[in-house]
């Protein structure tokens, strides 16, 4: 079960403008990836782009896995051109994902934009299967999902959420769906309205830096525990180049190795 | 009719191992390319490979055109991956092709390996259409084609030759088809057997450098006129970089501009 | 300013006024004529022609170019038709344009540099001179005019005294500290600096075990060298007060803007012309859009605006 | 020899015997442990560890890397755990291997270089020292130990006197003439030369108008610099008689062979490890096949065999 393997594209589907869902079939058995861990994909033929590109696990399908990505530049453009049957070299699963504890109470998932990608996989890991729910009881512990996006059309994965019985609390920058504005403000208002939720609660967040920073400031002030998945430019993905460090209260930490998920209070923004 | 245009791939077919035939549909009308002229194709997304790749006109279809190519490295590998509907940036037609004079007598076409690519287009331009032949007379002036390849399986375009009513004289390095060995030796023997052919004859040749060199030495010695299509690494394709020069009796000449077809006696090997 | 007002792309290089800051890099645009088919030459900031010498030069034997990852090596060997033939055969075409023509030139000795410069200075239709000092110095054996600041100072001083037109000195990147070279050129009276010329490189064919270039080594250009070129332009910008013309791997307007932020008053597109003949016009239009959308009114606000 | 006999890949670098000529470049392979999963470490020629200093260093703030065409810039800032922690935490793992370990090190002053070298020299399980002289020289302001041949000679002489193990000096490419630097190192008693370290470069984000690296500039590595590295290895090879270890953009066995033909006695793979963790083994096997099919029996026949 090497973490360096070849995978075949079984599907690479455009979901909405600039957003794709790719399903990869590893040539052999791979290590089971946890929510919040990531893979690095070799997308090129020549040496431009040079480095592998990191993507969070979106969903683990037992042997195959899915990534959800947004085209940002050359690398993701090339990835979006891959078709069924093409093969890629992949490194992973890498890093430390979200600390999934099914018994945790008051879990609040926070996704911003394409940050929904790992949050879906995390939700699936956290949410008891429907059969369990039917047998009663555990429903109350369903995590709450806060999901911010630029506009209604960029709200992704609504089918997945529905099949999880999750009703996300949504905000959009332009107000075309859910509350208008910043998702962190929505969270603040929500917790003011549900003060009991603050105790024993924990955030799991993925999204743009300004969102994570605002969330972290808020969480630290209210002593809410939380974990955020960070991004940094990566070369090796396995901890050797020291290129991907972030500043934390415990010194420079590598996003690819100690992260990408960090306790929110340790991060120095 | 700009010589810089976008073309859509309408077909890109593997003919035999490592050999492909691509048909391109220019977005607008282009300048009619003559046999022996070439096009430069942009095959990449990033900057590796950096430069456009040159390919001789194989066949002109009135508006679309075909190139016949062999995968040699990164650029031709990427080209071989293009599929129907993909678009490419193309520069061309470029250079000076074979001086086609339909009335010339005793035309001897010489192709080595992938050098058959432009020779087919040239043959089509030289050979009177079947209807003309049927009306009588001109059959005698049919050019003779000498065609050398490594092995039987690498003899290309046999259907095209048949539809031209041309019976190539073939040699293969391993003797699996036609004479065994070097095509230039075959030509020498042929001309010894048909001395009348030597007078008023002219060679049009394309193939590997050693073949062209041997042919040129022979032709010069026997005072046979001839033209050879040369190759040199190219950057611009339009005469500005001075990268593609060859040494000739008239000084450095640019393959992309004064060539790629040169009078055989001018080339300094 | 509103987003709609038109940014002013004009720049002045040592008194020479350009419509916009985008030139062609010497040796990559021939004498302009071959590109007329692809580029409206009247829209360019300036045309810098292939390096000229007093006498015509055959250049190096082939092979002269080899591709490398995101770059290319060339060893053309400064082949050119010579100043006289240029004036007779190529300049008449260029004179019809409203775009300024900059004559790149070189010599094998200080005397040759001076004579070449004088001739070009006395020729109508040439608006500025660009001195290529990345040439082997015959007088000093294997060294190069552009790697010893004392030699650079001397040759630029002598050329400066001989000419009236704006004098641009084009620096070699193959030096420990390019800012010293830039200062030497400025002290000697140069009106502007061009940076950078190609970086010396070599490729060996492992089958034949011979260098791929007949000349053994060649000059590396293209996107591969861009980060090095941007750094050197930034170093030159901080070292001198004359304008710096930035070049090295520019293949888009974004690249050009990067050089300007680093300190370039103008830029030149070289290898990019080979990748796509019409690229210079796209670069000009892209700079215009960038300035518009960033509310930058004039080139002066852009040059050196990086916050380092 | 017949095509079937096995070529001998062994090389000796200043008395240190290597199973094959393929090393890892410092800073691209950590301390070896992270790669154990992907590479049979016992098959490597040598492991060169991340640059060590007397005291641990935090390095530069992020962002520390940025991709460029066919290359990358890094400004890690020599972050490392310090020699003591290396000896305690990392060396025990490396000692279990049969592959020689080469400790790359640096200092801010000549005194620090010497003390670091002494400590490493006195530590079991370290087989050779590689001195990185591409570091800012605190004593001499902004200059660098590796760009002034007199300073290079001095610091290498002092380290040489302090250590017994084979001493490799790793040269900076940011110089006018690398052969002068190579000779300075040889004259000072170096057992071998490593060439090249990264080329200084810079990338500016045109949106934020700030450099992409927190440190403003960084070191360019990867295939983009290969032609420059091959040329410099060739220049070093012709200048000195000690072995040259070649590196800069090696991502395949063909690239490695190219360096050897240019004069490298051994090679190091750097950025290539990031592109594919198992690459070193492919390079070793590829060199073996090349030697086999070219009827080359030993490394000695390959090194410097280019016909230039």
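Letters A, B, C and D mark the chains as written, and numbering starts fresh at 1 in each.
The criterion applied here is as follows: a residue touches a chain if its C-beta (ideal position, glycine included) is under 8 Å from a C-beta of that chain, and two chains touch if they have at least 3 such contacts.
Please read all numbers here as calculations on a predicted model, not as lab measurements.
S.K.: If we define chain centres by averaging CA atoms, which chain lands farthest from chain D? Would you check?
M.R.: B
S.K.: Counting in whole Å, what is the centre-to-centre distance of chain A and chain C, each centre being its mean C-alpha position?
M.R.: 47
S.K.: What's the distance between the Cα centroids of chain C and chain D, rounded to whole Å?
M.R.: That pair's centroid distance is 34 Å.
S.K.: State, to the nearest whole Å, the distance from the C-alpha centre of chain A to the C-alpha centre of chain B.
M.R.: 55
S.K.: Which parts of chain D, given as residue numbers and ranges, touch two or more other chains?
M.R.: Correct list: 69-71, 222-224.
S.K.: Touching two or more other chains, which residues of chain A qualify?
M.R.: Each of 46-49 in chain A touches at least two other chains.
S.K.: Based on which chains touch which, is the overall arrangement a line, ring, star, complete graph, or other?
M.R.: complete
S.K.: Per the contact definition, I'd like the list of chain D residues that touch chain A in the complex.
M.R.: Per the touch definition, chain D meets chain A at residues 27-30, 34-35, 37-38, 50, 58-59, 61-67, 69-72, 74, 76, 79, 222-224, 251, 271, 273-278.
S.K.: Which chain D residues qualify as touching chain C in the complex?
M.R.: Within the complex, chain D touches chain C at residues 68-71, 73, 147, 174-177, 199-204, 206, 209-211, 216-217, 220, 222-228, 230-231, 234, 249, 254, 257-258, 261-262, 290, 305-308.
S.K.: Going by the contact rule at the top, pick out the chain B residues touching chain A in the complex.
M.R.: 44-49, 74, 77-78
S.K.: What does chain D use to touch chain B in their complex?
M.R.: Touch list, chain D to chain B: 69-70, 223.
S.K.: Can you name the residues of chain B that touch chain D in the complex?
M.R.: Where chain B meets chain D, its residues are 46-48.
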